[in-house]
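What follows is a group of structures, each given as structure tokens.
Consider the two complexes below, in which chain A is the common component and chain B and chain C are the respective partners.
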Partner chain A sequence: MMTIFRTLFRKELLDASRDKRSVMAGLYYAVGTPLLMCLLFSVLLKQLSSSDELLISIDNANAAPALVHYLANKDIRQGEGAEVKAIRLVVSTDFQQQLQQGRPATVIIDADRADDQLQTAIRRLERELGRYNSEIATLRLMARGIDPQLMQPIDVQMQDQATPDSRGGTFLGIASLSIILTLFYAAMNLAIDTSAGERERNSLTLLLSQPLSSLQLVLAKIAAIACFSMLGLVVILLVSKFTYGMVPWQQLGFNISLDADFMLFTLLVGLPLALLSASLQVMVSFVAKSFKEAQTYVTMVLLVPVALSMVTTYNIAPDHLQWLPIAAQQQAMIGFLKGSAIAMPQLLVSSLLTLAIFAACSYASSRLLKSEKVVFGL
Partner chain B sequence: MIKVTDLHKKIGQVQALNGLSFEAHNGTITGLLGPNGAGKTTCLRTLFGLLKADSGSAEIDSLNVVTQSSQAKQQLGLFPDPFGLYERLTPREYVQFFAELNGMAGKEAKQATDEVLSLLKMQDIADRRCQGFSQGQRMKTALAQAIVHKPTNIVLDEPTRGLDVMSTRLLRDLLLMLKQQGHCVLFSSHVMQEVAALCDQVVVMAAGRVVAQGSPAELCLRTGKTSLEDAFISLIGTDEGIAA
Partner chain C sequence: MNTLKLKHLSAAWPLIAATALLMPLAASAQQPKLVTPQQAKPTLSPCYAQNLTDRMLCGSIRRPLDAAAPSQDAGIDIHFAVLPAINPLHQQEAVVAFAGGPGQSAFDAAATFAHILRYARESRDILLVDQRGTGKSGLLQCDGLDLTSQFALDENSVDITKMTRKETELCRDKLQVDLNHYTTVAAAGDFEAVRLALGYQKLHLYGGSYGTRMAQEYMRQYPSAVLTATLDGVVPFNQSFGAMGAASDASLEAVYAYCDASPECQQQFPAARAQLQQLQQTLTAQTINTKVRHPRTFELIELNLTRAKLQQALRFALYRNSTRAMLPLVVDQASTGDYSALTGLMLAQDIAADLSVGVNFAVVCGEDRPFWTAQSQAEFAQSYLGQSWLQGAETSCNVWQVTPVAADYTAPLQTDTPVLLLSGGLDPVTPPGWAELAMAKMRNARHLVAPHATHIVASQTCAPKLISQFINQQSTAELDERCLQQELRQAFLTNANGTAMPPTALAASPTSTTIGAEE
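What follows is the complex of A and B.
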């Protein structure tokens, strides 16, 4: 039994490793994704942490010299040229007069709130205007002999529990998503080639005419593909470690660093997933009648892990989803990176579930290979 | 020895095998002759256990191909059509792989591979990948695969298709050698000259059943014709499919 398996496994490994295009296609993902993520994160971080100076246009600035001066102290200035954000602060003509009479003086913020790129700048301007507001109000109360603290019945204090590492939740989600999906994308071409491809090249019937069981054949194929999945995982971890080190995380006060412990943990958690990925894709490819059909089906089926990973990344998963394969493993990876506790029951249950799906898919594939329709692609 | 008894097999709406029975003995070359669609390939696929017969049985050296599938398959060498080569493997890797699949241990498989590669004079291409091989080189690789584990029975599906004269002669010599060594050689064909030149026994098939069996000379005698081709036409009663 084992000898046949070893022989088949060795041949699958040799054949797949010489299929340079398929191997490279898988590795392109493993190398390219972290680079792309690194670029994306850098752009995002730049947007999130606005530069110190905020340039806007101010209409009728002469009417409110004190306000303009106050804003300038907070690095919000009137500016010209490309650096100026599309925010216009309009000071009403009767500003000075209203202020002197102790009536509300109008300023208008003219900007597009739907524009995500302006969000931070608008909030900052509003915040500073609010502060100016309460500063003047305090002065007025004091002038009338009233303790300004009367205006502050509740003193709200925020004590931030977030550790620097736990702050980058979404970033960690996206990083772990790209890592976990490697297990699926690195295997895709090889899985299709070894099943639908093998049938199309007419070597499947010859193999099945040999003294071996279809389960041995299927398991050897899955084991070989899983090896390449794991290779993809190793590559993406190494490349991620390098590229994420170059993202200017300090701007947001947290850091994503992939240390050796995390890599080992991910490899361990990823192993059952690699088996699931290979067995699922092989099964789908055998169900398809041709190579092209297999490509379509496999792409469609891969939407499921992507979806599971997405809901975990954006933290929109209902509680019971956290027990499912991929979601639980990714949650554990994020937990490990954050340095928070890992939900062990979920991880264990989902790992067992992962192995159960692998067993079911493998068995189903071996049954499929007993069907004349599947073997001859009828 | 290969023995097929009363095989029935329906594929879709077509009754591909309809009570097929024949025997192929050791030390003889048996030709399975029939027009296109006669059921030759279906019969061979049933022998390898790829198709399950609706009824009837097939035996290799008295081993049932369904119930004793592994042992039966070990006694069977298969030269398929199409060959089913692995383009990215070399003939040496390919042949050794099949030797090991058929129960040979590493060293034994390696030695058997060396032997068969030199028997077929393939040393010059043994370590080149199969990609880009000529039809003759492919044929040799497939044949090496079929005989490397020294099975008693060798089954060939349309072996001469697409081969040039040199390759055909080489194949013919090899089949005669296998016969001399006492193997049971069974091949399907629709090329009369091939069958007439090689076969000791001819099984003429039409519509999934045997219409006649005997040596080429016997078949000619029985039908009163001078050539196997005329005998064949007269046996199956129509010239349909002969041209293909």
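What follows is the complex of A and C.
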């Protein structure tokens, strides 16, 4: 019994590894995604970190030289050319007069708040203007013999429980998303090839004519595919560790580092998912009538894990979704990276669910293979 | 409001008898230990400091009070805090920040240090150690006068020497400590013990004000533990705190020189210098008794305005460019009998509250006074502040009776360790000349001066970036000091609402030239 299974399994592995293009296609994802992410993150970080000079246009700067000078000391300057952000600071003509009389002197920030690229810059400008405000206000009170701290009846002290490892937020979500999806993309080609492909090559009937059950056949295929999924997982973890280590996260005040513990943890929670991924895609491929049709269906079915992963990444999942496969595993991975507590009940339930789906899909596939319609693709 | 607090803090730095403030050493929580500490690794627990949202890890180690007789029962708990690196790329290293004073708590200044060392923290832990006798490490503090009593005190009609002696005796009797164990020399070992306990192999030092002296002493005692040292507002071994008076006078003179060069200031306060001299003369001759509003309660309280109060208010105003810009206005108003603006300036005295009196006098009496000469005393006495500091220190030290440190204490530090020295050109306590004295025997040192900065350059300029670069490269060679040249002086207040007009000098300042250069 086990001998037959082992022989089958070996045959499937051999088959799959012979189809180098399919294997490589899966691995391209595992290698390419982290590289792409690393590039993307680096560009994004550059936009988000605002420690460098901010060039804006200032109208009527002569009316408020002290303010302009203050901003310049904070690296916010009037500039010209392509580097200048589309932010215009307009100083009112009576600025100095108003200030001298102790009345509010108006400056206008003219910018598009909906422009994501400007948001950090606008906030920075507002923050510095606020500081200028409080600096002038402090001097005004002191010049009247009043303690400036009277302006602050409540001293609000924030004690942030976050650590550098837990501040990654969305970045952590995207990183874990790309890792989890490997299990699906690395399996895709092989799953189609070993089922719909085998049928089109007419070797499926040959296999079925051997003295073995269709369930054994299906399980052997799934096991082989899952092996390649896990290989993809190992590859993406290694590549991610390397590439994410090169992104200067610390400039934004947080850190994402994938250590060996995290890798082991991910391999562990990823194993049931690899089985689910393989069984699901094999089943869908058998349902399809042809190779091409299988490709279409599998792609469509893959939208489900992507969607589950997305809602987790962007933290828009309702509570009960966190008990579902993929969502719960990804949540656990993020928790692990953050160093916060992992929701064990959710993880356990979803892992069991994952295995249940794997069992159901495998059984369904084996039933399908009992139908001539499926076997001959009629 | 955060900024405000931060500034207050740096202003508080150089309080009391002496100089500046410093912070403590570094340690880290998560790393593997390469050095086996003699004692169990201290337990670290999360903690927070004023105005710093980030979580730190705090702990303490037990140290003998007397390092020469460690078997004795007397011990002291040295408290420290680790501000973890964002991305711990260098787990075996930490940046230790030494606070000023002498007597400031590093933990209390955590927000300031976190700001100054924010780039350095990207890859290394920041370690803050409360020097023995400060902050959480057994603060040696005595109550001072409250603001109302301070204002009412007429220094001209009481025997200040007698009063100082009485207060010091009260303090001595209350604290019941042997200050010999609280000198710079005695405290250096605590920082080393914390380093070993936390398992750091090497340290980068950042000292501000008196903290620079603590950093130098640490380098002297434990040279192999130090990779780099940044000294900001340098206090050399071979300079007495008494020379502060002259530094303060020079810094005040710079305010008036700037006013001379500013048409707006000239126009509004044509007799600015004469007004100040007149006010000083008047107050030397007599006390002005008046009533002012309490800065917080708004009650009418008595103010006995004396030369001592005026000089003290001026002294603290010189620490920040924003309050420097008030001086001509303050003096002008005081000359016409309006003392509210002066009252505002006098608020700064309140800041000294948390400073450790014990550590301050341990340092002044054990490491400064023994080296006074007739000549140096005559020199210090030439300035009003120097004179009153000498008198106060003399009187207090007679009460405290601290044993002088060894005679070679005042020898400049000899070292090959890379050292970055920072000075503010307008610094009223540690002028650039002091850094030159300190680096006489340093073989790998570079001194950068920010011409328009006051005390603690890193809290006012681009220096935090330079410090981080220096720590990463362990060399001062590639530091680009041009950004330190920026104009930090502010336009003088021409009335109680401020001014929108800059001094004309500003029109040709780096601001406009920088804009040109950007393109």
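Definition applied: the second predicted complex is superposed on the first by the 362 of 378 C-alpha atoms of A that agree within 3 Å, B and C clash if a C-alpha of one lies under 4 Å from a C-alpha of the other, contacts with A are read in each partner's own complex, and residues count from 1 in each chain.
In the analysis below, contacts are C-beta pairs under 8 Å (C-beta built on N, C-alpha and C of every residue); 3 or more make two chains touch, one makes a residue touch a chain.
Bear in mind the structure is a predicted one, so any value in this text is a computation, not a measurement.
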Partner chain in contact with A:I136 - chain B first, chain C second, else both or neither: second
When both partners are placed on the shared chain, which of chain B and chain C touches more of chain A: C
Which of chain B and chain C A:N315 touches, first, second, both or neither: neither
Partner chain(s) touched by A:T106 [first = chain B, second = chain C, both, neither]: neither
Which superposed partner A:Q117 touches (first chain B, second chain C, both, neither): neither
Chain B versus chain C as contact partner of A:F95, first or second or both or neither: second
Residue numbers on chain C that touch chain A, as the complex places them: 1, 3-4, 46, 48, 50-51, 53-55, 84-88, 122-123, 292-293, 295-296, 298, 322-323, 325-326, 329-330, 339-345, 347, 486-488, 490-491, 493-502, 506-507, 509, 511, 514-515, 518-519
Of all residues in chain A, those that touch chain C in their complex: 53, 55, 63-69, 72-73, 77-81, 95-96, 99-102, 105, 131, 134-136, 138-150, 152, 157-164, 249-251, 253-255, 257
Footprint of chain A on chain B - complex, ascending: 45, 48-52, 69-71, 73-74, 76, 78, 80, 82-89, 93, 97-98, 100-103, 105, 129
Residue numbers on chain A that touch chain B, as the complex places them: 3-4, 7-8, 11, 14-15, 18-19, 201-212, 372, 375
